[in-house]
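These notes concern the structure reproduced below.
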Amino acid sequence: MSDWKLMVRQLVKNPLSLAGIIIIVIFAFIAIFAPLIAPTPEGHRDPYMIPRDGYSATPRPPSEEHIFGTTEGQYDIFYGVIWGTRSAFHVGLVVIGIVLVTGIVLGSLAGYFGGLVDEIIMRITDIFLAFPPLILAMAIVAAMGPSLKSVMIALTVVSWPSYARLIRGDILQVREEDYIEASRGIGASNFRVIIRHALPNAIYPTLVMASLDIGAIVLAAAALSFLGLGAPEGYADWGQLTSFARNWIVGSSTNPLKYWFAVTIPGLFILFFVMGWNLLGDAFRDILDPRLARR
Amino acid sequence: MKDLIRIRDLAVRFYTYEGIVHAIDDLDLDIRQGETLGIVGETGSGKSMTALAILRLVPYPGRIESGSIVFFDKALGRELELLKLREGRMRAIRGNKISMVFQEPGAALNPVFTIGDQISEVYLLHRRQELGHRAKQRVDSLLKDGTGLAAGMRKPFWRWQHRLYNKIAQESNPVEPRLLSRLPLFRRLLWRLRDEANLLTVDILKDVEIPDPARVAAHYPHELSGGMKQRAVIAMALACSPELLIADEPTTSLDVTIQAQMLELFRRIKVDKGASVLFVTHNLGVAAEICDRVAVMYAGRLCEVAGVEEIFLHPLHPYTKALLDAVPMPGKELQTIPGVLADALNPPPGCRFHPRCPSALPMCQQERAKLKEVSKNHMVACHLF
Amino acid sequence: MNALVDIRRLKKYFPIVGGVLRRPVGMVKAVDGVSLAVKRGQWLGLVGESGCGKTTLAKTVVRLLRPTGGHIYFDVPDEVKVEIEELESLGKNSDKLTSLLKENDLATFPGSRVRLFRRRAQLVHQDPFTSLDPRMKLKDIVAEPLRIHRVLSGEASKTAVKELLGTVGLSAGQMERYPHQFSGGQRQRIAIARALATKPEFIVFDEPTSALDVSVQAQILNLLKDLKKEFGLTYLYITHELLIAESVCDYIAVMYLGKVVEMGRPEEIFHAPRHPYSQSLVAATPVPDPKRRVGRIVLPGEVPSPANPPPGCTFHPRCSRASDECRELEPPLEPVGDDHYVACFHPL
């Protein structure tokens, strides 16, 4: 237990990591209390579809009624970014969750058993890694039809190989340690050795990468949505909102920043979200390295 | 005869995350000329730290807090306060007048350079003048005997070299070669120095009984066995005929039969080179084999110093006695020392050994004993004496 | 003959892979035909330098490595062993032979039988700083064998852990701590407590004190003596320090380059060694006695690589008594006295 306490204390001491934690906590707060912060209007069926106030194509600037203004098609930006936080967490955590599980399972099998199992799994990851990730993701989404679900599937498919490789490398290293041999010596089955001994000692670098990646996944999802390959129109998703703002980025000929709110506000939400996870991931990495070195 | 090294009141402390560790506390020790002094102790005794402190190589977060280490430089005939020297002067001493052999030969050798290159480096660092002198002589003989067209074409070139090496041989660090070594094309003018260093390297490898030294010098460290690597490291240490050779557990990582060869080598070095040796070890048997005097340390403090026969036949300090009893010998009952080694962060007050001492007096808990000369050449730090 | 562990002509070779296709280009003959018997209640010391194969032998005896050849009989009655030897000498690979081996030869045990074996035999590693899982608490480390073999659980297992810790001299109050909070000697005690959890009969020690200080080493050796007496254990003790073996073992075997070169009682090996290697080993061992310095026989040369052992007697390149016979033939292990065996054509 003192292990964890020490880690938490170091996390809190470092101002950057503290900033990261605070940012994530604020976002989590927003996501949990979305219905209270931006209540769904009466009669609206799907809370994830942003309510429209009219059908005009021109975005309207922030006003009393619409705190952040409206975007093309009169979708309320405030509602969009608040509920978009939920989508962001949804996408990030689900994708990373599945990727972690898949990567850990395949990577540990490959690393621990070596030989043929290792070769097969590694060649499979090679095949996946041969494709440029964003292009492959776009192809998958285009084939499955644009929706948030296909975005998540595409990102899962594209991200798992790196995790499998990372875990495999760490397991390879841990496998040679004496205590692994000692566990086999007392009669532990291979399963037990991997789960109880090898993984807990090998997993920290992977966890660091995962926390850094949540931000990257959300960014990739936003990119896909921006290109129109993501959530359906009007869905409460940050990328979706920026996609609406595509035509209005440059604004009118006289005032280029006229419609700044349409792209900047969702953009800022994306930026801070990703930054928060990045800071957190960096902090994790920093506290793990010196601890390992000190021991 | 003056003592070669005089350590007085040395204190080395480590400022760690968990607290202050007194690695060495109030150490008084002398190393005489031409003697092999052994420092014996267990983990945390401060023996390795003493060796590092003499060379001012104490690693962070350790610091030499106070005290004095006086080194008598035989060549200069002067005493030097090592702890007050500038780093530049200290570097001139390391590897030259005082050199060190570490425990792991594999770790002490750079894996990407050949053995010969690493030993030559020592000569190039410390014996530039001598190398310059030899190179000059060689070029001299070339100028004298060189005949023929090819020689005639090279003569001006050689004269230029001759002037250069003459300069190196006379001054300690002249400007010309320093400039030249920076300019890519002209660096080759200094290659003769390297060649001379290589010749000296082969000589020193022969001295440490490495078979076929010219061939071995071209090998990389990973191509040699542990014993050969350790010999190479010893060759590096002996290259400039140091006045003090510090050996920090040099045989601990070697097999017993190889260790026996190493100890023979150390004995021969003692006789041939006349250097003093500071031999740090935790193995009492090795200390008995090779040392003239033995110092026993516990928890950063010196317990007892005496001639090797005295200390093994008539140990006075309770820790020394207990340590000798704990060494497994055939036919002898194994005596253990009760308790655990003193905690480095929170050592016991007064005498650090008192919680485990069978003859502890009440005053041992309050104050520590000072080092006293009990009989000729036999000093103990204990209240019993 | 009441041998608890009977090792016959044990071999363990490691293939050297080389080339692009990674084919085996050679063999490291770590253990090359070792025959040993450990009697019940005996403390057998296996002495040798690095590269002689003693650690490999230790790990192979407890089946952490799969033997390349030979037999390991653990608590097998003599009649069965005799039968197997007979069947083998006939040369045929009969079904009876295979089934007998599967039943009795540890070298060919299937996984399930190996698990049963693990309750009766344990290995204590050399380095206490790496042999304990750094992320496990002390109580979990010691209780793990109990959990794996489903011997005890819950409260009963906690009591057993407390008892085990007490046996090895650790206090139960430290159960919640992690390995890095303990010293080397304490960690080795934890490893020993873990080895004792399933009440084994046979424990293999791989140089358990080489990483420890002299005073701690003495404590651990005395602990091992007490435990052996209290639980009636049988020890196979690997070490490179002859002094330790002499001081605590009942019987000593000296290994060189994968083979046993001499076996005998400690007093005989120390005071009257018959194999030239044992003699130089004894002579090279420094003792804390400043008078014992002269007349040391310093062995020339280096230990050859086990991938390329010299032909005939593996010791002949460094032996002062080597003859032509030694260069061509391998000397068998022969009796030269009361329970004293030497593998040499010209024993001292």
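By written order: A, B and C. Residues from 1 in each chain.
Keep in mind that, in the parts below, a residue touches a chain if its C-beta (ideal position, glycine included) is under 8 Å from a C-beta of that chain, and two chains touch if they have at least 3 such contacts.
All of these numbers come straight from a predicted model, not from anything done at the bench.
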In terms of CA centroids, furthest away from chain C sits chain A
Chains joined by the largest number of C-beta pairs are B-C
Cα centroid separation, chain B vs chain C, in Å, comes to 37
Chain centres from averaged Cα atoms put chain A and chain B apart, in whole Å, by 56
Taking each chain's centre as the mean of its CA atoms, chain A sits from chain C at a distance in Å of 52
Where chain A touches two or more other chains simultaneously, the residues are none
Residue positions on chain A within touch of chain C in the complex are 1-3, 177-179, 181-189, 192, 197, 200-201, 295
Contacts from chain C onto chain A in the complex sit at residues 59, 62, 64, 115, 118-119, 122-123, 125-127, 130-136, 144-145, 148-149, 176, 178, 180, 191, 194-195, 197-198
So, in the complex, the side of chain B touching chain C is made of residues 42-43, 225-228, 255-261, 263-264, 282-289, 308-309, 312-313, 322-324, 326-332, 334-337, 340-341
Seen from chain C, its contact residues with chain B in the complex are 49-50, 183-186, 213-219, 221-222, 240-244, 246-248, 266-267, 270, 280-281, 283-293, 296, 298-300, 302-303
